[in-house]
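Some structures are shown below for you to check.
One chain, chain A, links the two complexes that follow: it is found with chain B in the first and with chain C in the second.
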Partner chain A sequence: MNTLRAVIALLFFPGGLFILFAGMAYEWVDRKLIARFQNRIGPRWFQPLADSIKLLAKEEVIPTDVNAILFVVLPVIALAGALASALYVPIIGLEPSYSFSGDLIVTLYLLSLLTLCTGLAGANTLDRFSLVGATRALTQMFSYEAPVLLALLGPAIVAESWKISVISEYAKSHWLIITQPIGFLVAVIGLMGKLEMPPFDAPEAETEIVAGALTEYSGRGLALFHLGKSVELMVGLTLVTAFYLGGVANPLLFFAKTLMLLVVVAGVQSLLTRLRIEQTVGLWWRYGALLALAQFLVMIAYEGVA
Partner chain B sequence: MQSQQGNKFTIPIGPQHPALKEPEHFEFNVDGELVTGASVRLGYVHRGIEKGTENRSFVQSMYLLERVCGICSHVHATAFCLGVERLAEIEAPPRAQAIRVLVAELERIHSHMLWLGVGAHEAGFDTLFMYSWRDRETVLNLLEDITGNRINYSTNVLGGVKCDIDREQAAAIRQGLDFLEERTTHYLDVVTSDMMFLRRTRGVGVMTYDESQRLGAVGPTARASGVARDLRVDAAYAAYDKYPVNLVTETAGDLEARFVVRIKELFESFRVIRAVLDDLPEGDLTTRMPRRVKEGDTISRVEAPRGELFYYIKSNGTDTAERVKVRTPTLPNMASVLTLAVGHQLADMPMILVGIDPCFSCNDRMVSVKGTLDSQCWTWEQLRQYGIEYYR
Partner chain C sequence: MTLNLDKPWQPVLDKIKTWARINSPWAIHFNSGSCNGCDIEILATLTPRYDLERFGVKLQGSPRHADILICTGPVTRQARDRLVRIYEQMPEPKFVVAVGSCALSGGVFQGCYNVMGGIDKVLPVDAYIPGCPPRPEAIIDGLVKLLTQLQEGAAPEQNEGENTSAAAVEGAEIQLDAQANGEAK
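Let's look at the complex of A and B:
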């Protein structure tokens, strides 16, 4: 029975197919919202699915002078990391499929795999746009990773556990956005940085470096990276919602809260101008990290007193 | 990786690149994200238009020259008409001259709105891009209403204009301008107060007054550096002496100033168009134009939305021009891109490039020819052969 349950959790629900389709649905909502904010019509509901199918069916061109194995394997690892992280978060408000002490750290690591793989994929090819994109992607990762970690550790400290299920259980009765507003902001903006959404899309700024690190990718590899990003959008929204927005007790609350958060994220994306990479780094280390740290210290002091 | 000379890391932009809407090749040497050198190779869209005018009559050349630029087609036709009319010693009637000014200013609105969108897009501010292009539809519709075309209006004919403005059209224009004025006020507010956008424009690509003089910048690019030069004021042509334009200059010389100058010019255009509509002279639209144009040569200069547009026209007494030379404003402004690029971030390159409002295919002329022929004058057959050899 246990094996069957594991297979279902991995391949169908909540990991695997479900999260893939849900991720694509959320990606569509994101694209549609931005389009409407920008006075465009936007894609039809099946567009992300159609894009993925088309890309998956296309021939993958492997450029010369790259490590072919890495070139093929990196997108797989990226998607696998994103999919695996879905097993540890309370998707649609259910208990996480797997849970152990410290799974928060593992999940954050799994979520970073995508960026790491993107950076490596860019560095693997000789294309100049890819190299610049890879440098920017990794630079950006090093700037937001620490503040985001601090932001997500805030709830962990007040819940006195590093287990996502315990934290989300605690958050159901505490709206942490009110007690830790800075953490919430840093987490949401960090999520946008992770997903390379505007204004943090310098690593894939099309007017400068074409498609950044993924310039050489076509066909299957590109599809897998895109799917990984969609899954990560879903997982990231789930994490932030579960931690900061009063938890996700049931599917209805889950969808209402994550979609509301997505509206905010889409609004920010359409309002802001792209930051240069050095501005992104400056923003994170000068404000993001310091603010998160300040809140962290306040919390520790408060906990210590109480 | 051929163009990676020595240990320089070169980022190519173009001839095919998402930042460029037309093919032109730029190479930026970078050290990390910092640009240390820039070079350009022009000429990917050379179309032989100047040569083409040499075996077309003046009337047929009008059609060709309107297509030098897709965005500022009217000023090209105006420059050519004014030059040929001067050679033929006729003058278009006042009403025609006023309509030329009216269409030219509508075209300037269309061009500047388009540029505003492109500039915002290069900065990654796609919302402003979408909004300004949506509002630009208003002026395109007005132009379609007047001339029948959204671009390439072919308003001009030698000796006058083709289309008249009636009462209803005038009312529609006024209404459209009211809407645009409201939107433009908003955009001026956005580009001068949006903190995130200012981070990408304020203090970026600063060109001082001296530098702009040395590099020979023209048009709004120069006016953003405090150069008070505008042919509509300095050498008023068509009906600009009757409907004077106020110069718009800024002194900062950075990208923000270029945004501000162009947006403020929109307000000037609104004002001038209203003045033309208020005081449109009655009378004919055309005068009789002789088929053969007297021998002689002339220089015709007009202010295109991008700056000074220069035409040299030489007639040999037949119905065909012997030589037509076109210099579009992108060429003198190009030097400023290469100079300003050095020392900036790679991320600023698209914005600095677009800051001059480049129009590459208008700009491409054959300047020097390496080859076996010594003669300055080539026949069609020789040109054709050269083209075949070049691309072989």
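Let's look at the complex of A and C:
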């Protein structure tokens, strides 16, 4: 019985298929919102699904002079990492299917796997655009990873646990967006950086470096990277909502909260233009990390007094 | 390299594939010697006023991501190799759309010493969109016609004479590889 439950959790709900479709739904909402902000009609509701099926059915070109095994395996690892992280977060406000002390750290590392795989995939090919894209993707990763970790550390410290379920339980009674506004800001912007959304889309800047690290990917590999990104969008939104916007709640309310967050993210995306890579790094280390640290100091001082 | 297994679910799979292909045509745009008139019209088609994303059309930077090669202008002798190379870089199934009079026949440049003629002198073209330049409405109409043709089950041109075209493609690839290696060195 236990294995059956595990298989269902891994393949259908809340892992596997459900996450894939939910991720595509979030991606559609994101694209549609941006289209409406730009005064366009935007894609139809099944667009991400059609894109994914089409890419999966397309020929996959493996370029010469690449390590073919790495080329084929990296997208699989990226998607697997994103899907695995979904098992530890409270998807649509339900209790996470697996939970252990310290799963926050594991989830964060699983979420970074996508960026790491993108970087490696770009560095694997000889194409100059892929190489530039990979360099930028990894540079950007090193700049946002620490501030985001600090931002998610804040709730963990006040809840006195590394366990996602405990933190979201604590956040139920404390809206941390009010007590830790800087952490919330850094976490949301970090999520955008993780997903390489504008203004942090320098790694895949179409107008400069074709398609960044994924330039040489066609068909299956590209589809898996795209799906991984949609899944990560959903997991990221869930994580920020659970930590800062009132924790695990009834599923409908939780869903509405993630959608509100997505509206904000889409608004920022269509409002701002692309930052150069050194501006991105500067933004994170000069402001993001320092602000998160300042918030820590305030918290420690407050804790010390209280 | 497609496996044609005679399984009962094969027709259903084919239907799903065709549906996905029709609803998600990603395009790449190449100018092989146009005066930029058609290019501006293509950009107008992609921007908010006409918004091709409602049909699922997305402009891609990389030929590896694209399904449709939108060509403008006559093929000059200099651009020929690049055009063929971009076409070869696209994964199957792929389609070519020729936009504008010059892409159809060479237009006013017909007979020039440095011009090969229309796109179909170099690549198999699936849809022709006439006009000098064609209006965005005409471009959308041409794309929709190409997609309807797909729905009716018209196979992409490359699949008809598989052996001959595969051999030709291989030959071209070897040539291109040699060029690429030469460039690298």
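Everything that follows uses one rule, which is that the second predicted complex is superposed on the first by the 306 of 306 C-alpha atoms of A that agree within 3 Å, B and C clash if a C-alpha of one lies under 4 Å from a C-alpha of the other, contacts with A are read in each partner's own complex, and residues count from 1 in each chain.
One rule holds for everything that comes next: a contact is a pair of C-beta atoms (placed from the backbone, for glycine too) under 8 Å apart; a residue touches a chain by one contact, two chains touch by 3 or more.
The structure displayed is predicted, hence computed values, not measured ones.
Of the two partner chains, chain B is the only one that A:198 touches; chain C does not reach it. Of the two partner chains placed by the overlay, only chain C lies in contact with A:54; chain B stays clear of it. Contact with both chain B and chain C is seen for A:39 once the two complexes are overlaid on the shared chain.
Once the two complexes are laid over each other on the shared chain, residue contacts for A:128 go to chain B alone; chain C is not touched. Contact with neither chain B nor chain C is seen for A:67 once the two complexes are overlaid on the shared chain.
Using the contact criterion defined above for the overlaid structures, shared-chain residue A:206 touches chain B and also reaches chain C. In the superposed model, A:279 makes contact with chain B only, not with chain C. Of the two partner chains placed by the overlay, neither chain B nor chain C lies in contact with A:250.
In the three-chain superposition model, chain A touches both chain B and chain C at residues 38-40, 129, 206-207, 210. Considering their complex, residues 31, 35, 38-44, 46-47, 49-54, 57-61, 64, 129, 206-207, 210-211, 214-219, 222 of chain A touch chain C.
Taken together, the chain A residues at the contact with chain B in this complex read 37-40, 126, 128-129, 132, 135, 198-199, 201-202, 205-210, 270-279. Looking at the complex, you find that chain C touches chain A at residues 1, 16-17, 19-21, 23-24, 26, 48, 51, 53-54, 56, 60-62, 64-65, 67, 89-93, 177.
Residues of chain B that touch chain A in their complex: 1, 4, 9-12, 17-19, 30, 32-33, 120-127, 130-131, 134, 194, 196-197, 199-200, 345-350.
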